[in-house]
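Per-chain numbering from 1; labels A, B, C, D, E, F, G and H assigned in written order.
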Amino acid sequence: MELTIYLAGQIHDNWRKDFKEKATSLGLPLQFVGPMENHERSDQIGEDILGEQPNQILKDEAASKFNNLRTHVLLNKSDIVIALFGEKYKQWNSAMDAATAVALNKPLILIRPESLHHPLKELSEKSQVTVETMDQAIQALAYIFAEK
Amino acid sequence: MELTIYLAGQIHDNWRKDFKEKATSLGLPLQFVGPMENHERSDQIGEDILGEQPNQILKDEAASKFNNLRTHVLLNKSDIVIALFGEKYKQWNSAMDAATAVALNKPLILIRPESLHHPLKELSEKSQVTVETMDQAIQALAYIFAEK
Amino acid sequence: MELTIYLAGQIHDNWRKDFKEKATSLGLPLQFVGPMENHERSDQIGEDILGEQPNQILKDEAASKFNNLRTHVLLNKSDIVIALFGEKYKQWNSAMDAATAVALNKPLILIRPESLHHPLKELSEKSQVTVETMDQAIQALAYIFAEK
Amino acid sequence: MELTIYLAGQIHDNWRKDFKEKATSLGLPLQFVGPMENHERSDQIGEDILGEQPNQILKDEAASKFNNLRTHVLLNKSDIVIALFGEKYKQWNSAMDAATAVALNKPLILIRPESLHHPLKELSEKSQVTVETMDQAIQALAYIFAEK
Amino acid sequence: MELTIYLAGQIHDNWRKDFKEKATSLGLPLQFVGPMENHERSDQIGEDILGEQPNQILKDEAASKFNNLRTHVLLNKSDIVIALFGEKYKQWNSAMDAATAVALNKPLILIRPESLHHPLKELSEKSQVTVETMDQAIQALAYIFAEK
Amino acid sequence: MELTIYLAGQIHDNWRKDFKEKATSLGLPLQFVGPMENHERSDQIGEDILGEQPNQILKDEAASKFNNLRTHVLLNKSDIVIALFGEKYKQWNSAMDAATAVALNKPLILIRPESLHHPLKELSEKSQVTVETMDQAIQALAYIFAEK
Amino acid sequence: MELTIYLAGQIHDNWRKDFKEKATSLGLPLQFVGPMENHERSDQIGEDILGEQPNQILKDEAASKFNNLRTHVLLNKSDIVIALFGEKYKQWNSAMDAATAVALNKPLILIRPESLHHPLKELSEKSQVTVETMDQAIQALAYIFAEK
Amino acid sequence: MELTIYLAGQIHDNWRKDFKEKATSLGLPLQFVGPMENHERSDQIGEDILGEQPNQILKDEAASKFNNLRTHVLLNKSDIVIALFGEKYKQWNSAMDAATAVALNKPLILIRPESLHHPLKELSEKSQVTVETMDQAIQALAYIFAEK
């Protein structure tokens, strides 16, 4: 039994690469999917496909459609959603993806530093588990397959 | 036909009171529900009901359960969700409530200043309509009932 | 038991007014809802609320959001959807509303002239009943309440 | 991860063949399904299976059942629906398939010439993305799998 | 709290009238709905509304659409479905309505003479309760409201 | 793409064997499932597993549980349900399985002799297609895969 | 806005009466429903309606059908489920009703003495809130309506 | 066709090992999943991943989150749930898993000694089949695949 994991959250550093490597080193039968991690491409994708837009808002709106298309398809395919929140950025789309997973009856693992516990308390309460580090999230995934 | 509107978003000023008064002055058949607007009580509700908690995180966790209970019940009862985002605060629970509404097939009206268009672009794309002011949101509600 | 009926279809003449009057004259316990019937206002609503848009496509896009908001809310509230197709106009939004009703397990009554049977054959097959005149649709509604 | 794509829309030219070839040339892991593209057979299928029908309407009705059977099965199997609208034909069944996909939580990609923006504005608003050319739709599919 | 009860089953005698009278005499807060009980009208309704049909099968097909419209609407409105089977008639539409209720998570009360236990054993197993008489079904309804 | 077909209907002759052979000879990518076709074992399965029951009704009730377990699992796995009705037997469980399929959004193909058109008219109306022979049902399945 | 509360849990003392009185004294707009609280009648209801059964197991089975009918109907009507667990009794039907509520997206309030925290830990984790006393549960309900 | 079976129930002895061996010896195409069977690890998993907790209740709460994560994922993947109840232990999480399966339209096989028939009567009524021994449950699984 292989599980598909959607890695939601910010795309400003290489945390997904680290996460996948750690999971792979444990030999867990997991397939990872997630958003476009090239931030610039993620912001440009609307104009890349549709051509130049009249203004910055419409450029953003166009980009958001293709980013949401990707998320929509891949989230539907996933068994578990992991959302990582960091100190920087608004990350409202991460909160959106996390809440969508919960509403679709897909378990959510929330990773956040303790310093964010107050603003994330309601989302944490909706998650299946909340942890502080990637290692803890990987242990949670490993536990699903553990036999002893 | 009366509609029930859940007013999601920050609870740090009196925007809901203004919103209701404007809607009322137009005679729209609307019933408004939403989160506890007394911020201090919202943060204290866990300890108010369950007693003192071992630490701040657990105090927050306790509070989040009662806040989410309220939201869970009232969101289920609603026909439309309006989420207002402002410049301050993380507002991740607002994003969560907004995305939950969309997943439950309830239309979402997003109110946000133009300055927030970039971080909110994906949530905006999921909303039914995005506007910049409360007046525009009220006009959107009025249009549902308009006959000419 | 009162039923709520969504009257989908073109908004270029007064067919809904006739329909409601005929149903009312029979004393059927029905409440009617539907799209904005003032065509000009329906096309202008985006700019009316959001202000002038950069071009005609964006004006249309803005209008469609408020029109779909109205339809989204009122269709969710309906027990039956009636869609009337005529010889003129593309009426793709009528087909969209009709198919959405079917997918939401709400019975669809399709009214169309016999001349349109070929292009509407698949939608007709998805409807609960297909008739040619408003009078027949009203008889269908009356039959739901008939006791002998 | 392979995705299944339902190609809705008119069946009067070979656009699906072109579409598949372009997607194949990019090496995307896609499986394509769609309606019967032989228009004559699509119109005759009712009588081909059930025998001669009393009149043209019943011939159409019979055909629509087998066409909808095919669509029903294949749409349920799909991850994404692409609907292409052209200048000719009523294409109400395309609008129906597109709206059904949205109601089933399957993302919709709408392809339409700019000239059709007005009559398609409500369906466009319901789609996940709207583009003008097949190439743009293929780029949207490619973006789902893109790693950088 | 008032409950709506759909009375499925054959329409060849006055069992629904008896049933309603017995329930009424107990003062239970129930509203009853069901199919057209005038058998001849139920068979004629297709031609009554659509006009004469080419043959008997098409006359039946037309009638079935209006009968299913009625059932579709009223079953959606119901809290409980009661299906009565008797010795005569095929009653496949009764089995269909009963199974539809179960699939929609509405509890089913099956009334059937002991002599029919063998052919109805699978449907009986799907019902919430199976009884042999109308009086027993009414007692089951009364038990929902009983306080001691 | 392989489809799974549930063959509902009476188990008193070998129609399923014929059906599978015909489908196989056409090379269609189909997997067939269905109820226990050994009638005696189907009636005995309750006592075979649970031991002797107090009376005939309880023996039937026990058997129906295991038969419904089989149907429940296999129907959930199916893409299409085919239900064959014949002149003999009550076949209420066939009507139940057919209606359950429709409610679960799985297309239903109904096979029945023309002589049964009247009692099956409502179920026929709910089916995706109704045919009179097994050959016609197989042609309907073949049409789903046909390319020209 | 009135809410309907299902009071699940053991029926061996008068806790529901106390609960309702406390809620009433606060003027909360609540309607309470729940299982038959007369324990003897709850155990006898199968034989009361269906007549004497062959043995104790079948008597229990018959009773469980009518008890589950009541729960099925009233749980469907509820907005919130409250489940109280005490030191005595197995209370597996309480756990069943509680889990059913969660699966139906109805928030669960769990009341249990601290001494039961270990065996109830998984159900507690699924609940929206877990408290130790009826007073705390009533405060949770009051918080849904509180304005400051 | 391979089926996935979730083995719910107590984890205090090796019943799952026996069960799998018996099923394997019959060559049934089954894949088994279930909770962590190492009881000590199941109780410690919260602290193993999150570190020491302030008190016993919070240790339990932490453990329950990871246990429910595992169950949530694996139950979603299952076709059938088997729940075994024994004389010892509260087993409320088994009742919870069993009821969740029923609510998700997955058939439930309940195994319990006759001595528990009274407290389990409502859960038994909700199950698809109730048996007394593992051998009987395995026969039920075998019957799904049996051809004669």
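One rule holds for everything that comes next: a contact is a pair of C-beta atoms (placed from the backbone, for glycine too) under 8 Å apart; a residue touches a chain by one contact, two chains touch by 3 or more.
Note that the structure is predicted; figures quoted are calculated from it, not measured.
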For subunit G and subunit H, which third chains touch each of them?
B, F
Once the contact rule is applied, which chains count as partners of both subunit F and subunit H?
G
Report, in whole Å, the distance between the mean C-alpha point of subunit D and the mean C-alpha point of subunit G.
49
Interchain centroid distance [CA atoms averaged], subunit B/subunit D, Å:
38
Round to the nearest whole Å and give the separation of the Cα centres of subunit A and subunit H.
31
Going by residue number, subunit D touches two or more other chains at 65, 68
Name the touching chain pairs, would you?
A-B, A-C, A-D, A-H, B-C, B-G, B-H, C-D, C-E, D-E, D-F, E-F, E-G, F-G, F-H, G-H
Residue ranges of subunit A in contact with subunit H within the complex:
1, 3, 79-80, 105-107, 109, 128-129, 131, 136, 139-140, 143-144, 146-148
So in the complex, which bits of subunit E are touching subunit D?
54-55, 58
Show which residues of subunit D lie in contact with subunit F when the two form their complex.
4, 31, 33, 36-38, 41, 45, 48-50, 65-66, 68-70, 72-74, 76-77
Show which residues of subunit D lie in contact with subunit C when the two form their complex.
56-57, 60-61, 63-65, 67-68, 71, 85, 89-93, 95-100, 102-104, 114, 116-126
